[in-house]
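Residue numbering begins at 1 within each chain, and the chains themselves are lettered A, B, C, D and E in the order written.
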Amino acid sequence: MLEISVEKRLGALSLRAELNCPTEGVVALFGRSGAGKTSLVNMLAGLLRPDRGRIALRGETLFDSAAGIDLPPHRRRIGYVFQESRLFPHLKVRDNLLYGWRRTPEAERPIGLEEVVALLGLKDLLQRRPGALSGGEKQRVALGRALLANPRLLLMDEPLANLDQARKQEILPFVERLRDELRLPIVYVSHAMEEIVRLADTLVLVSDGRVVASGPLEELTSRLDLRPLTGRYEAGAVVAATLARHDLADDLSELSFAGGLLVVPRLDVPEGTALRLRIRARDVALSLARPEGLSIQNIFPARVLDLGEEGGAQLDVRLDVGGAPLWARITARARRQLDLAPGREVYALVKSAAIDRGALGRPAAGGRFLDPPEA
Amino acid sequence: MFDLTASELAAIELSLRVGLWSVVGSLLPALGAAWLLARCDFPGKLVFDGLVHLPLVVPPVVVGYLLLVLLGRNGPLGQLLDAWFGITVAFTWRGAAVASAVMAFPLMVRAMRLSLEAVDRKLEAAARTLGAPPWQVFATVTLPLMAPGLLTAAILGFARSLGEFGATITFVSNIPGETRTLPLALYTFTQTPDGEAGALRLAVVSILLALVALAGSELLARRLRKRMAA
Amino acid sequence: QDGERLTVFAAASTTDAVTEVLERFEAETGVAGVASFASSSTLARQIAAGAPADVYISANLSWMDHLDARKALRADSRLGLLGNRLVLVSAAGSGFDCDPGAGCDLAAALGDQRLAVGDPDHVPAGLYTKQALQALDQWESVAPKLAPTSDVRAALVLVARGETPAGIVYATDAALLPELRVVAALPAGSHDPIVYPAAVTAESAHPAAADFLRYLTGPEARAVFARHGFTVIAPPPLPSG
Amino acid sequence: MLEISVEKRLGALSLRAELNCPTEGVVALFGRSGAGKTSLVNMLAGLLRPDRGRIALRGETLFDSAAGIDLPPHRRRIGYVFQESRLFPHLKVRDNLLYGWRRTPEAERPIGLEEVVALLGLKDLLQRRPGALSGGEKQRVALGRALLANPRLLLMDEPLANLDQARKQEILPFVERLRDELRLPIVYVSHAMEEIVRLADTLVLVSDGRVVASGPLEELTSRLDLRPLTGRYEAGAVVAATLARHDLADDLSELSFAGGLLVVPRLDVPEGTALRLRIRARDVALSLARPEGLSIQNIFPARVLDLGEEGGAQLDVRLDVGGAPLWARITARARRQLDLAPGREVYALVKSAAIDRGALGRPAAGGRFLDPPEA
Amino acid sequence: MFDLTASELAAIELSLRVGLWSVVGSLLPALGAAWLLARCDFPGKLVFDGLVHLPLVVPPVVVGYLLLVLLGRNGPLGQLLDAWFGITVAFTWRGAAVASAVMAFPLMVRAMRLSLEAVDRKLEAAARTLGAPPWQVFATVTLPLMAPGLLTAAILGFARSLGEFGATITFVSNIPGETRTLPLALYTFTQTPDGEAGALRLAVVSILLALVALAGSELLARRLRKRMAA
């Protein structure tokens, strides 16, 4: 559990944040520039001192103005990966990596250099200096450096913002491995909803120095009232599925979920793997009858649960597909034409092409704990 | 022209020794002052800044006189030094080093302050999150990043020391083999008939020494910077 | 070491002569000596501050008096050692000619140029020059044309380089630069007698200090000083024993 | 016409670029980090000197190593908007804006401060200093400053890269106005395909110091062989349309194009406006029969022209819709099931919800010329 | 204690004038040298850097002597100055300003060089794309951005000038009302046995002047920086 209740005056902004959230998986902080995300994360790390308030991590008080507690950053064991990587320019990559590790008591070193080097693919970089690395390589080293300091929580403040698409794709899988294999709790700040959707379990919306909402990612991104904050980025449903079968001939994978079999372009995971799928509302269409001769592969019988707020051109329809949730975004006109109402039986059409890797997340499976799980 | 006499060689050796020790001895205090000026805010900071600059502003002879008053055999600090550590600076090469150090102090502080201000504090913050307590951050991050600035400060101080005359002769007199540094030997030459040649010789020597030191440090600093940037 | 080496603080204008005398003294007595040369004032202050000097040779009576008054000198050791003369010098190649003692109007001879002198505010040679010019009734006219320097050497350089057509310095100083020519000597009676006093310091523990002071007035030293243009005004020492 | 043929050694990279492209509308340079985009643009501006070669703009030689020509940057009249805005920190916004304008001969000042202030919404910023501006405001001022120098070509090197989504949305319309109202030719460097798609007419793909391909945006993004460079970003068709009618009741707009009427969420332009629509292949499905009772509003009879390369899970089908082109991305399995082949008559299903503002481009309509059109 | 005599006031006035003009006069040459060192690469750059530092390294008296040789009535440059512009620097306050300027030169170049190196060349490139030819870029972008550094250089030079003794007295001697600046007047006091009080008085005056100048410049520089950053 991460408990934050702080106040801090920052120039024109008065930050006043209350947050209680689980420290499992990835907690994403999202909000527009200047909202106070970095300030919040700095307070967690001990780099910025709140004017008032309390911060506690897994029951341990890190800061408490009333009790006069303020654990200095080097005793918090909170790793931090910054936007600008902040590698020490005078040290080789190897010494950068070991900087925190050397300062960790031997008994508390859960992973060693070799492991991190293997995990992040740093083998060829060890003898280089940070100046000779590309942006993506720098961030990988920064990640490794933070990991080797044996953190019980990892902060990442827009770690990919300075990278191009290709570099981003190069780093993201590593972050996923931290989450899934090391089961390291992560607080992840980003502007990019696509990163957040791919990584995060919990979403914290920050606006104007306040925590406006926090909760499971799926819930918050599909809440219409938060749309101004989460952006036009499509709402959607998250569905638990298992990889049932690969169809090598057509290069497809079939995923079984509560509503049936979903066909997607082939995924590079073994059969039987548990998966988390995100299906965006805008990629789902509805039909009253089961359509024939359609290129759309995924057609599921569904029942309309309810219909979103009206008032615009479009609205979201919440569906029940054999027990699994699904959202469809349709026009108001279509709603009238199809005469949709709660309880109505329809068919949900999911274009397989609309399910991309970014919508996939693997629930943590196995992996080691860097820290005992919370009591 | 470069057949240096034994006493000239002694003056050169002495000047190098004095320069070296004046730099070594003032590194820490200068670093401290630079730190205060670059990193701290305290009442009277402007006055402190002014004090640090004093040796620049006041004629060297006055500085030498003040040193004589403070650190001489009968001066309050001089007696303390003697009683506590058994160190005599008055009229010894150590005193010459002190005079040089004091005169070079503002230059060294300035160079260090600038390089300290140029150190990216974000890197220090990063080191703290990696478990380094403040003094380790200073030793393993701040100091190495300041290296080019420290080098500059040291060489500037050394070069300044090679030219120091007024404060030295006033404080520790002009005793051959003990306090007669290069500039003092040069002065002594000018006080004798036919001393021209000797004076010129020593002037050239001191200029060469300073040039070598400056050029060497410049090259080294460039290397350091390149290593960190490239 | 200070106990072994005899340390002499001597006015910078005696640099050459005192160095030579010290060498001879060492050759004769086996007592090694070193000399620190600086301006008399600097040395006096240092002695007052406890400098390890055994013997002080000053170009300046007032600084010797200063030390005397502070009991910084060994009682009864003080003596007037050397005398000197004021001369008007010009650069070797210049056509400058004027003998103020003989009634030449120095100010007129200078034209719109300056006269290099030790600073009449504190440098002894300058103080004597002022006395002499006052006695010759030329001070009023020459005073605005002075180029006062902090030590004699600087005045000499000005003259030698032709920055000033002339300068008034000690006769001994004139020998410092070969490019100089003595134009005239100032009348000895126009100023107080020029005296370089010498004394053993009160703090001196060196057994040979008094011996050296006596040696300074002895025949060998007299010869050296004379060669450098000084007159030795102290009486020769009584035969020791 | 912009003609570039240059060579330049840059550290490890040897840049060797050949490019001829129209100077009309927006030319986008796209390529991964380190490909040489900025270097190329700097050569255009005269800030970087090629080792060898020639650069000419509208027939005027800016650089020619053989002829010994190298027009200095201040005589090239090429505006430049940098990623970091580079406003002069010691000048107020107003003086920043007028910096180039004051250096332009009076006769060649097509626009004045008031106009640019109005165009870019800078009224409230004029008396401020750059330090007191947000990132988005800074870029708007930088844009205005470049404009007021009366450039005949505007270079923009990732002008939005440092901004968050909200700020990007704040700037993009202004860039569109330059393109559409001032008809200022723009060379636009970006990593973000979505910006490029929204703005660019011509796409130049840069890789490893070479111009790998250049041509109309639509053509290049739909070329399969360039997919490794253009990225997974979906291919699509661009369709010319006119706003036929607003349906205020349903908050929709109907656009008429060669294939019929296309319904989209209401657009904020007057009826009669000519528009350019981008319809992504992944948002188009195919059906053999006209489906009934479907939420999808846009259904057009179409003829299969040809089918893209096979070999993966998906393929793109090129369609003719009443004369307009359209692409549909379907799975290989669907292709088999529907027995698709060139000449086959089908129905194209376009989900209206998938047409967002980003897919809209207005062809230049009216507006003034900053420079006489090319001979 | 602060009943200053007329001649002391004259010395103070003179010192301020000399300091001011030495700074004004050396701004341009120092800027030029800083430019060469910061922006250009040429053979012999290290040697040039060394030359710029010479006045720091060589005893001030030697510098004064060299000035005399070059700029004296009979010096080659001195004659040129006289013949072409009718300017005499020997034995005038102008000469004192020259001596101060030369001694302060390395410090001023250093400060300017650092501030020039800190100017973001990307802003200069931006100015060029906006139609500014190189000299306009320098005048409208580079120079204003260097302002804090120029200020520092000026004040450092001024402060150094307030303490300049050896080169001045050697070059232009110690003429009351013409070249007897504060340090020279101070020195004169130290040369008479009872001059301590006067020396102390003048020392305090010069320290105060320097403190005021340093503090003022520091505050102004902070303001400038803040205005540009905030």
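Following the convention adopted for this analysis, a residue touches a chain if its C-beta (ideal position, glycine included) is under 8 Å from a C-beta of that chain, and two chains touch if they have at least 3 such contacts.
Everything quoted here is computed from the prediction, not taken from an experiment.
Listed by label, the chains touching chain B and chain D alike are A, E. Ranked by C-beta contact pairs, the top interface belongs to chains A-D.
Relative to the C-alpha centre of chain E, the farthest chain centre belongs to A. In this assembly, the chain whose C-alpha centre lies farthest from chain D is C. Chain E has its Cα centroid 56 Å from the Cα centroid of chain D.
Look at where the CA atoms of chain C average out and do the same for chain E: the two points lie 36 Å apart.
Separating the centre of chain A from that of chain E, both taken as means of CA atoms, is a distance of 60 Å.
Averaging C-alpha coordinates per chain places the centre of chain A 30 Å away from that of chain D.
Across the assembly, chain C contributes no residue in contact with two or more other chains.
Looking at chain E, residues 187, 190 sit in touch with two or more other chains. Multi-chain contact residues of chain A (touching two or more other chains) are absent.
Contact between chains, per the stated criterion, is found for A-B, A-D, B-C, B-E, C-E, D-E.
If you check the complex, the residues on chain B that touch chain E are 46-47, 49-50, 53-62, 65, 107, 114, 156, 159-160, 162-166, 183, 186-187, 203, 206-207, 210-211, 214-215, 218-219. On the chain E side of its complex with chain D, the touching residues are 120, 122-123, 125-134, 136, 140-141, 144-145, 147, 227-230. Put simply, chain C touches chain B in their complex at residues 7, 9, 12-13, 15-16, 19, 34-38, 42-43, 45-46, 49-52, 153, 175-178.
Considering their complex, residues 32-34, 134-135, 163-167, 191-193, 231-232, 247, 250-252, 263, 265-266, 282-283, 285-289, 291-297, 312-314, 328-336, 338, 349, 351-354, 356 of chain A touch chain D. Note for the complex: chain B touches chain C at residues 65, 68-69, 72-75, 90-91, 169-170, 173-180, 188, 190-195.
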